[in-house]
Amino acid sequence: MDKKIGILLILVLIAGVGLLFAGGAGEAEGGAEAEGYTLAWVPKGLGHPYFDSCYDGAKEAAAEYGDEIFEVGPDDWSVEGQISVVESLIDQKVDCIGIAANDMDALAPVCKKAMEAGIPVVGWDAAVAPDARVTFVNQASFEGLGRGMAQAMAELVDYEGQIGILSATPQAPNQRKWLAWVKEEYTDPKYKDMEIVDVVYGDDMSEKSYDKALGLMKAYPDLKGILGLSAVATPAAAAAVTDKGMIGKVLVTGMGIPSTMKNYVLEGSCPKFLLWNTIDLGYVATSIMHKVCEGEFEGNLGDEIKLGRATLGEPDSVYEVIEGEDGDTIVLLGPPMAFDESNIEKWAAIF
Amino acid sequence: MKRLLELNNITKSFTGTKALSNVSFNLKQGEIHALLGENGAGKSTLIKIITGIHQPDEGEMILNGVEKVKFNTTNDSYDHGIAAIYQDASVFENLSIAENIFMGHQRVNKITRNIKWKDLYSRAEELIESLEVKIKPTTLVKNLSIAEKQLVEIVKALSANAKILIMDEPTSSLTKEEIDHLFKIAKKLKSEGTGIIFISHRLEEVFEIADRVTVIRDGQFIGTENVTDIDTNKLVQMMVGRSIDNFYPKSEVEIKEPILAVEGLCRKGEFNNVSFQVHEGEILGMSGLIGAGRTEIACAIYGITRPEGGKILFNGKEISINHPAEALEAGIAYLSESRGEFGLVLPLDIMANITIPVLKETVKAGFIRKNIEKKMTREYVELLDIRCSGMGQKVESLSGGNQQKVAIAKILIARAKVIILDEPTKGIDVGTKAAVHELVNELAKAGKAIILISSEIPELIGMSDRILVIHEGKIVRDLERKNFTQERILSAALGELDS
Amino acid sequence: MPSIKNIPEVLTKTIKQREFAVLLVNIILIIIVGIRNPVFFTLENWKDLLMYGSILVFISIGQMMTMVTGGIDLSVGSILAFAGMSVGIIMRENPSFHPLLLTFFGVLIGLGCGLFNGLLIGKGKIPPLIATLATLSIFRGMVVLVSRSRWIVYGDITPGFKLIARGNTLGINNLMFAALIIAVLSYYFLNHTMTGREIYAYGDNKLAAKFVGISRMRIEFIVYMISGVLAGLGGVLWVSRVNTAQASTAVGYEMQTVAACVIGGVSIYGGVGSVIGVMLGALLFSIILNALELIGIVDFWKMSIQGLVILLAVIFDAIIAHRTKEQIRKQRRTFDAESNS
Amino acid sequence: MPNPIAENKMIDSKNKTSFFMRWEFILIVLLVLILAFIAILTPDIFTLRNLLDATITFTEKSILALPMALLIISGVIDISVASISAMAGVLMGVFFKSGVDLGTAVVLGLLVGVAAGFFNGVVITKLKIPSIVVTLATMLIYRGVGYILLGDNAVRNLPESFGVLGGAYGNLFIPIQAIIFFVFTVIFGIILQLSSFGRKIYIIGNNEHAALYSGLHVDRIRIILTTVTGFVAALSGILLTSRIGSARPDIANGNEMMVITIVLLGGVSIYGGKGTIPGVFLSCLILGYIHYGLVLLRIQEQVIRIATGGLLIIALLIPTVVEKIRSLRKIQYE
């Protein structure tokens, strides 16, 4: 009796695990095709809507060029995880790797290794060190977005009062650059009546960000606004404001994904926020990956490439390699785009 | 007289080894039936079959002469009025006495299903009083002495108001007075018609209380006798299959220099102002009730605990011992009374166990050399004639007696000059007992100084050159061999000094 | 025996001492934080604090039961996330479902996970620590699988569902109400029913438990089931409180529950632990988190401070325990020599 | 008199000995199957070079599994190892930044690990607090130290020469990490299986009281073990730091779980007293290559996570089932 159940248990487990293998393998098949290049799409981590919408764009481009593209990433969003993913991609001899680096320097060595192994690396969303990549598709210049968010915040609280900043993980390179630019912008005298009282970190986890936002409002009763520096932080802050019934008293802005921000925009807890078109980001990055494989594109300063379709940033769908803020060479997706009740409905439907 | 219980041709085996084969046994109403046999003879297995912990492979069990029964859990047997007291008090330390007594059988409210605490405690109160003991039923068991825990066990059994009461070595850790008390209770129950199965290694107890005695050896049924029809030697013969003429062969050894001396040793709550000397070649007996402080004194000398006053002199030099290692270094070895817990590493093999104190001697260039280890071990396995399939046999698969021999071998291999033996014959069978006594004498001859702690006064009288009697943590008597008498020692141990 | 008479007092004293100590630390902390930042005393703050604490309380109670049997359940965090995510998805697909129905689903999922643990530990005889270590990864993996990497976001939460955490019952916020109910029920279950007592007995001495016919399997199934159910319920309330569920929801939460138990004086050897102790432990833990927030201690110090608190708690326990043992020893008997000196 | 426990033990021990004979064997079979699995599904990738390279991705955990095995066998567990790794890595970076030359920085980092492990050991043994609780607390403390020191930064641009340690782009045929791992395996294997120290570990793990009464310095030995574990944890943290070329407080997150999984799958008993280094070594490779293989198959991380958990459970169920089958057979024989 006991024995039967014991064995049964094992069988169930084996079956279960087996199925999961099958399931997993199945997912991996996605978009597989005979000819064309094999492109590896490496987000910062799995299970995040932002990166999912990027992948949608990537798949669109891959389909366009008849390439196979697949998504692999660390489920724990760790640097180590991402490194071992790239390690295995090298062994798999994929044709090109597109990566959103969890850490600019930490990923550099392994990306170099990939390049040495003849696998070009294209950065997107978050850069790897310049010498470890062909090029980097920058969704929006850090300056542009940083200053943009700062101004948006200022307009909402009309240039006076305390504001708190809710950022993602402490190490995240983008957030740190944006934060720098936000502070830079606020050095301008016209913001003299505004004060950044605190910068807190929600580790890109909703509930932690949410608790941090509550914490901000508690610790600074006169708080006028919260600036969310990540697609997770902003909705979390807005949710906190809404739940505390502080709509109008505390205003939230920053960057976010339309589908997750829609309700807040309509409720008024976050009347306005910024972002780029994530689908375009994926689309452009993948197109470039293809061109790189074709050898049509080396990412030298001034190189131009024409994409299959127009995008928000480049209506004429021609992109040029320009000088980045850190003196590196990048492809700029375009200006950040503002979402408010006028256009939220439309975009929320898209991503 | 009506037969309460009948076991016919019971056979039981564990993974190949037959623990019992064709054993028959019966219990009459209102009798105390002693069950005897060496360790591993199969007594406990038989008991566990009766209580439903194990199920027999063959054979039948008949209750009250009519009802054929099969017990699958202890509850089944409990429901048929069978209750058992196990040797190793199996209690719930963190629960109250009352809960220990009724665990699994609490009365609950029909509707709310909640335990009726008042009822629980009052019933416990009664039962405890019926034993003329004074303990609050709300006391947590972890605050009781070993003896008191035993009593809780007994009360637990009584609570079942059992028709059949099994006492599995109930006396092994009780003091004389407590034993007498227990026997009073047993007789009372007997007179009320309860049948009692009584297991003990102390033959004198059997003769004192039992009506009939059944002996099993190596899982075989040897025979059932009326106690009045047999004597000790006959019984021993039945148990070991050979007669032991002299239980306590005391050989005269000339006593040399004092080697270990303690002066005014104190430890709060355990013992106070303890002073004595032990000489080379001397066997110093230590008597006293359980918990009188004998083991505590030994532990303090051996470095398990720290004395809080007084000093220890070895060869006249004062030494401080903060760890057993230092004691062994100095030449003092200690054999604990519970070998399972403090003596042996049951899952390891004989070799690994015996060589622990001298591990470094088996090492050459950092590695343990099996051949050296084997040589060292074999010497002692042969010396003590430890019955085993080989030096690689796991100790846990040895019989109690042989386990004890391994523990002793471990002491011997340390080559100590002073050897403290704490209840070396507790719970081991008569055959091994004699062997141990033999060995102790040998050691004395070899000029070792031996401190022999024992609850069996005859043993002490038989073996010792001198006997210290401990009472409530103090040495109350220091007797020369010529003045040994049961009475003197006992009365002193009980604190009734006739000075 | 003269020995026993005075021991119960000693012991009850020390037992009080522990719970008392936790309480004391609580109070001291409250005062200090209150002085440092008056906001602490505002009703708002306490509401947040307790809303956070409530979930911790009842999941810790489940954890306590497993620890009382001498086991541990490391998978509560993952079960919580799994249940929360699944319920969120169900809600997203069928917004019409009644919150209570959803809650029921959550509990059901928790029950399933708990049963699985119970099966491994009770039937499969796998040591709890490892079994739940394994299911910790398994359930966590399931979260991402079922979510198909689409989070449950604010927009997916129906107003009714939000009310689960934010609504009131008899004037008390639902979370706290739930916590209270569960605490009371568990207290009754553990202290006044046979099964409850058998759990303690089993954790205290497994051999003796066998002798009195307590079924090992039954007990272990029960405790891991309860732990799972509470974690499942916790998942629902959690999502309803923070209005989101994602892959990383409640990662490492099991450590917090264990911490709450340890601070509350649950022995990891089994057999010892009280609902009140755990409640106090959980409260202390929540207060610390909240306090760090308010005193504006730099974020990066928090982890170490939490660890330090746990360490101090256990060290304190160890010392008390040691003291008690010495006390009992010294009182076993007194010698004339000492009594006159 | 043998009580039921003792009797059951008897049965267990009989099974276990003959079972543990075969435990490593089972692992070998498992390993072969997995390698075959990889070879068949991805023939072009199945080269020794690749397999060795792959070790890089799990060496840090593997070397840590070795001292952890000793520790668990001695009846203690340390779940703060991952935190020690992170702390050591960060401190090394911080020292280096503060101008100390690299070598010294590394040594200092290792010393930090030693100190941390020593602290664990002392609290566990001297205050007699269960190790899992102590290390649960120190896990948070140590992990926190990294954040306190670096906050939201990471120590970047460590010299390239340092990167060689991690084997990330050292062009030797065998990655340094792999070498370290194999050497460590041999060392720890000898210590546990052949030396008297190893014997003492088994004795303590099986019955610490008996060990004490036989004159073994139980506390001392356990402190030594926790300290060694701390040291190796630090080393593992530094290797990791070298591999990712920057010192950061968030590395090695959750490694403790992985390490324990390795150790237990290797046949070490969580209750102490049982287990071997060869077993642990094999389970290192098994788990390492399972992960590697599944990633090659582009199976998502979460699935791999589940698979690993499932594997652990299956491994742990085997003894129970084997035992049941045996005992049933036995009874039929009678």
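Per-chain residue numbering starts at 1, and chain names A, B, C and D are given in the order in which the chains are listed.
Criterion: a residue touches a chain if its C-beta (ideal position, glycine included) is under 8 Å from a C-beta of that chain, and two chains touch if they have at least 3 such contacts.
Everything quoted here is computed from the prediction, not taken from an experiment.
Undergrad: Which chains, if any, touch subunit B and subunit C both?
TA: Chains in contact with subunit B as well as subunit C: D.
Undergrad: Provide the labels of all chains in contact with subunit A and in contact with subunit D.
TA: For subunit A paired with subunit D, the chains in contact with each are C, in label order.
Undergrad: Using C-alpha centroids, which chain lies at the maximum separation from subunit A?
TA: Greatest centre separation from subunit A goes to chain B.
Undergrad: Taking the mean of the C-alpha atoms as each chain's centre, how many Å separate subunit A from subunit B?
TA: Comparing mean C-alpha positions, subunit B is 72 Å from subunit A.
Undergrad: CA centre of subunit B versus CA centre of subunit D: separation in Å?
TA: So the centroids are 43 Å from each other.
Undergrad: Please work out the Cα centroid separation of subunit A and subunit C, and write it as a whole number of Å.
TA: 36
Undergrad: Once you find the CA centre of subunit C and the CA centre of subunit D, what distance in Å lies between them?
TA: Whole-Å distance between the two chain centres: 29.
Undergrad: Quick one: which residues in subunit D touch 2 or more of the other chains?
TA: As it turns out, subunit D has residues touching two or more other chains at 3-4, 147, 151-152, 300, 302-303, 305-306, 310, 313, 317, 320.
Undergrad: Hey, what residues on subunit B touch two or more of the other chains?
TA: Touching at least two other chains: 53, 86.
Undergrad: Would you please write down the residue numbers of subunit C that are in contact with two or more other chains?
TA: 120, 124, 141, 144-145, 207, 210, 299-300 - these are the residues of subunit C that touch more than one other chain.
Undergrad: Which of the chains are touching one another, listed as pairs?
TA: Chain pairs that touch: A-C, A-D, B-C, B-D, C-D.
Undergrad: How about subunit B: which of its residues touch subunit D in the complex?
TA: 13-16, 39-40, 43-44, 48, 53-54, 57, 86-88, 168-169, 302, 304, 323-325, 327-329, 334, 336, 340-348, 352, 356-357, 359-360, 362-363, 366-368, 394, 396-397, 400, 410, 414, 427
Undergrad: Considering only the defined contacts, which subunit A positions touch subunit D in the complex?
TA: 2-3, 6-7, 9-10, 13-14, 16-17, 20-21, 23-25, 27-28, 46-47, 70, 72-76, 78-81, 83-85, 87-88, 91-93, 103, 105-110, 112-113, 116, 169-171, 176, 201
Undergrad: Report the residues of subunit D in contact with subunit A in the complex, numbered from low to high.
TA: That would be residues 42, 44-45, 50, 53-54, 56-57, 147, 151-154, 156-157, 163, 166, 168-169, 240, 243-246, 248, 250-254, 291-292, 294-307, 310-311, 313-314, 317, 320-321, 324-325, 328 of subunit D.
Undergrad: Can you name the residues of subunit C that touch subunit A in the complex?
TA: 37, 39, 42, 44-45, 48, 52, 119-120, 123-124, 141, 144-145, 147, 149-151, 153-155, 166, 238, 242-244, 246-251, 293-294, 296, 299-300
Undergrad: Which of the residues in subunit B come into contact with subunit C in the complex?
TA: Per the stated touch rule, the residues are 53, 73-75, 78, 84, 86, 90-95, 99, 103-106, 108, 113-115, 117, 134-136, 138-140, 143-145, 148, 268-270, 272-273, 472-474.
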